[in-house]
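Naming follows writing order (A, B, C, D and E), and every chain is counted from residue 1.
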C-alpha cells in the first residue's frame, strides 16, 4: 500500500505548481485553471487522509471543494466574459481599472 | 501490491508533469488538455484510495462540466492577440522565489509530520460500500453544509448568468 | 512456458471478453450504418445499398475500406496535435464505456459499485472530442458546430441524469448488474414503473447522440457537417464510429435501466419458457433466408461468389444454432451443475439484450426519417423549460411515492403511478404555459 | 428604406463574426453565396453575392432570332422550363399581334400547371430537407417523376423542355395524354395530403417555420416580391387572375393567401397552389377543344417595331419579358424580369434578427433558382 | 391594401377591358401588325398638368401605356405616381441602349397598381446617369445595381451602387451595344501572355 505521505508530496507538488501558475501567468483563463490545480491538491490530501483514518468525512469535504470549484469556475469565467466584452483582452495585468 | 505501487508513481508523475505543462503552455486550449490529463490521473488515484464515488464525481463534474465550460469560454473569446503576447508577467521571478519558499516550507512540514506515517493504516475495504457511506454521512452529519453548498451553487449560477449576460440592448 | 500460461491465466478470460465486446461493437456499428441506410431507404421508397454483396451486405466493408484509403486532409492553420487527438478521444470515450455494460448475467467486462456514475463520466468525455475537434479545425462551421454541440450535450446531460436517478431510486444501487437483478427480483421492468423517466431518457439520449431531430451540431443544411466538417478519411471514420457507438451505448444504458437488460420478456412466467429458444429459431430462420436467396441468384459465374457467401452464412448460422442446442452432458467437464443447454443460456442474455438495443436503434433511425430538425433556441428551450423541470418533478414525486409506500405500506407500483400522474400534470402545465 | 448592403466594411464587435455561406453549400440551392454577420448565432446583417451562374442570357437574346432564343429561356429557371417557354412565346406573340389557337392555349395551360406542381414539389422536398426532414424529398420526387414522364412523352425532354413554339405548339398531344394527366391528378390528390401529414401538423415543422422570415404586406409590395411570397404575406394577387393569359380565364380556381407572412404561411400557400393547379388541370383536360395548334406566324418571325411587356405567373412569381423590337428578326432588347432575383432581394429584410438555422429556412421559402437569379 | 385587393379580385377579371384606354385599341389587321399609337387619357392629362414639360410623349403600344418622362423630375413623378395614382408596385426597372441616339439610354420603369390593376411604363431618356428611385421602392436597389452593372448607368442617390451579377473587377458593361464580348479576354491575353489574341 502506498504510504500516505507520498500522497502528501504529490499534493504539495501540485499546490506549488498551481500557485506558480496563478502568480506568473497573464492569461486569466490559465490562472483560473491553476486555481483548479490548487483545489485538486487539497482534495488529494483530504481523500488520502480519509483512507488512512477510515473516516468518510474527508471525502465529504472533497465533494464540497469540488462544488466550490464549480461555483468558482462559473463565476470566474462569467467575469472573464464580461471583461472580455468590455476591454477585448484576457490579460490579468491589464485589469487595472476599478470601474469602466 | 507491486502493481498498486507502480501505478501510483506513474499516475503521480503524469499528474505533476502535465500540471507543469498546464502553467507553461502558451495556448490555453493546450493548457486545458493537460489539465484534463492531470484531473484524470488524480481521478484514478482516488480509485486507488478506494474513493470510487469521488473519482466518478471528479470525472463527471471536473472533466465533463468544468473543463468543458473552460473550453467553451476559450472558444468564445478571441485568443489571437493573447497568443502573440508574452505568456508570463513581469514579476514572475518574485513569484517563483515565493513559490520556492513555499515548496521548501511544504517539504519541511511533511518531514516534520512524518510521525503521521507511523499511524496505523486502515485496513482495505473499511470505506465500503463507498457510495452508501458517503450518502449517509452527507445527508445525516453534513446536512447543513450540504444545503449551504447548494445555496452557493445557486448564487454562483445567478452571478455567472448576470455577469455573462449582455446589457439589454 | 507453463509458468507464463499460469500467470496469464487470470487475465485470459477477461481479455477474451474485452476482445469479443469491442470487436462485436465495431461490427455492430458497421452494420448499424448498413441497417440505417436500408431502413431509411425503405421509409423513402427506395432500395438502399444493393451492389456490394447480396442485398448490399458487404457495403459496410466497402465503406470502411474507402474511408481508410482516402486522403487524410488537414486544414491550413489547424492546431495539428489537437486536430489529431480529438477524434481519438471521442472513440476511446465511446468504446471504454462498454466495459461497464452487462450484456448477460455472466457476460460483462467489469462491474463496479459506481458503474452508472462512471458510465456518465466516461461518456461525458466524448464532448471533449467534439469541442476540441471543432476548435482545432480553425474554421467557422466546425467551431459553431462544436459550440452548439457542447451546449446541447451539457444541457441534456442534466435531464438525462435526473431520468437515471429516477431508475436508481427503484434499484437502490449504482452497479449495472445489480440494477438488472433488481428488476428481476421485483419482477417488473422499470419502464412500467417510471414511464416518464424512460421517455425523458429516450429524448435525452437522442439529443446526447446528436441524432435527428436534435442533430444541430452536424446539421448538414446549415453547418455543412458541424464539428467534423474539416475531417476526412480515417479521422472522419473515427468520429463516425464514435457517434454510432454512442448510439449503441445510450441504448444499452436505457435497456439496462428500464428494459430489464438481459431478461427475456415475462422472465417469471414459466409457461413462456419456450421463448428461451428464440435465438435458435432466429438463427434457423436466418439460415433459411440465406439458402433461399442463394438459389435465387442465377448460377452464372459473376454471381458465384455472392451465392457462396450466402451459402456460407447459412451454413454458419445452422452450425451455431446446432452448437447452442448441444446438451450439457456432451460438453467437456460433464454436465454437473450446468443448465440443460449451457451455451444457449449464455447466448440468451446477449440475444435479448441486443434485441432490445436494436429496437431502440430502430427508433433512432425511424425518428431520423420522420422529423425535421429543431432550431438551436428551440432545442435549448425544450431542454431547460420542459425536460429538466419534468425530470425534476418526476424525481420528487417518485421519491415521495417510494417513501409513502414504505411508510404506509401501499403497493409500490400503484403509488409510483400516482407519482407519474402528478408528473404528467406538471408536464401538461408546463406545455400550457408555453403555448 | 434601403438597408446598408455592405456588411464587410462595418466594424465587428467582440462577439461578432462573419460567416460565409456558399457558393458551395448544401442549402443555398446552387451557387448562392451569402455573407452573414453573426452575433453568436444571431444574424445581424447579410449580403447576397450572386452572379456565379451569370451567362448573359439577355445579351444572347439580342444576338439570336426570336425562335432561336426560345430554348435559352428554358435554362433560366431550369426547374420550370415550361413556364419560361410559355412566358416567352406569349410575349413574342403579343409583339407580333397574334394569338395562339384555343387548343394550343389549353394544352399550354395544362403543361404549365403541371410544371407549377413539379416546381413546387421540388421546392417542398428541398425546403423540408433544409429544415431537416429528409424523407419528403423522396416522396415529392416520386410524383415529380410522373410529371417529367408526361413531359418526356409530349416533347421528348424532361427538364429543358422547349415545349411551346411561337404561335402555339409544335407537337400535337400524344395518344393517351389526357389519360396520363388525369391519372396523375387522381393519384396526386392523396399524395399532397401525404406531404401534409408529414409536415403540416408536425410540431417541429410548425415551430421551425412559424414567425420565421416575416414579411408584411407593406414590405412585400415595397420589395417587389411576387408569387407565393407575396401571397403568403396576404396580398391576393395572381397574374392568372389579374391579366389572364393562356386559357386561365376559362377555369375556376382560388388564390390562397397567408395571414402572417411567415414561412409557414408561404408553405401553406404553395401546398394549396398545388391543389389548385390540380383543379385547373382537371378542368382543362376535360375541355380541350379540337382545332389547329399553331397560329399563322410566317416562316420568318419579324415583329413590327415597338415594344411589349408580358408577364405570367411562374411558379416562383411574376416572370416578365420586356422585348423591344426594331423590326428585324432579332430582338433589339430582351429583358427577363426574374422573380427569383427580385424575391431574393427580400432576403436581407427577412433574415435579420433570426438565427443561422433560419437562414436556410428563409432561402428555402423564397424558392429561388440561381439559374434565374443570375441569368 | 388587402381589402381593396380582395374587392378587386372578386369582380370578374377582364383587366384588358378595365384599362381605360384599351377600349379604343383594337389591333389592326394582321399583315401590318400592331403599332404604337398616341395615348391621351385622364391620367396622362393629370400628369401633364402637374409636371408640365417634363412629361414627354405618351403612347399606347400593344395596349400598354408608355409615358416618357424627363430625368430631372423623375423622383417627384414617381413619388406622385406611387402615392397619389396608387402605382405602388415597381415591377421592373431596366434600360435600353439606343447607342446612336442622344441621350443614349432609356431607363424603363414598369409600374403596377394593385388598386387599379393597371400597368404603366415610364421611359426616362438619360445620357449616363439617372436619379435613383430606390428610396421609393426598395426593390429598385438591386434592379438599379443590375442596370449599372449591365449598362453603366449611374443612379444618383443609390445607397451602394456596385456590380451585382458580374465580378467587381469586370471591365465594361456587357449589355451596351458597343460592348465587345472578346475585349476583356483579348486584353487579358495581351497583358499576360504577350500575344495578340487567344482566339
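Convention: contacts are C-beta pairs under 8 Å (C-beta built on N, C-alpha and C of every residue); 3 or more make two chains touch, one makes a residue touch a chain.
All of these numbers come straight from a predicted model, not from anything done at the bench.
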Just how many steps, at minimum, does a route from chain D to chain E need if it may pass only between touching chains? 1
One chain pair leads in contact pairs, namely A-B
Where the centre means the average of the CA atoms, what chain is farthest from chain B? E
So how far apart, in whole Å, are chain B and chain E when each is placed at the average of its C-alpha atoms? 72
Note: chain B sits from chain A at a C-alpha centroid distance in Å of 6
CA centroid of chain A to CA centroid of chain C, Å: 37
Hunt down the residues of chain E that sit against at least two other chains at once, touch-wise. none
Where in chain C do residues touch two or more other chains at once? none
If you look at chain A, which of its residues touch at least two other chains? 84-85, 88
Enumerate the contact residues on chain B facing chain C in the complex. 27, 29-30, 33, 36, 52-53, 55-57, 59-60, 63-65, 67-68, 71-72, 74-76, 128-131
Quick one: in the complex, what on chain E touches chain D? 1-2, 5-6, 9, 13-16, 27, 30, 32-36, 61-62, 64, 66, 88-92, 94, 96-97, 108, 110, 114, 117, 119, 121, 134-139, 141-143, 146, 150, 159-160, 163-167, 174-175, 179, 181
Could you pull out which chain D residues touch chain E in their complex? 1-6, 50-51, 54, 56, 58-59, 62, 94-98, 217-219, 221-225, 234-237, 241-244, 249, 255, 296, 303-309, 311, 318, 320, 322, 324, 332-333, 335, 337, 341-342, 345, 349, 374-375
List of chain C residues in touch with chain B within their complex: 79, 81-82, 85, 112-114, 117-118, 120-122, 124-125, 127-128, 131-132, 134-136, 143, 146-147, 150-151, 154, 157, 174
List the residues on chain B that touch chain A in their complex, please. 1, 4-5, 8, 12, 15-16, 19-20, 22-23, 25, 28, 31-32, 35, 38-39, 42, 45-46, 48-51, 53-54, 57-58, 61-62, 65-66, 69-70, 73-74, 76-77, 79, 81-82, 85-92, 94-96, 98-99, 102-103, 106-107, 110, 113-114, 116-117, 119, 121-124, 126-127, 130, 133-134, 137-138, 141-142, 145, 149, 152-153, 155-157, 159-164, 166
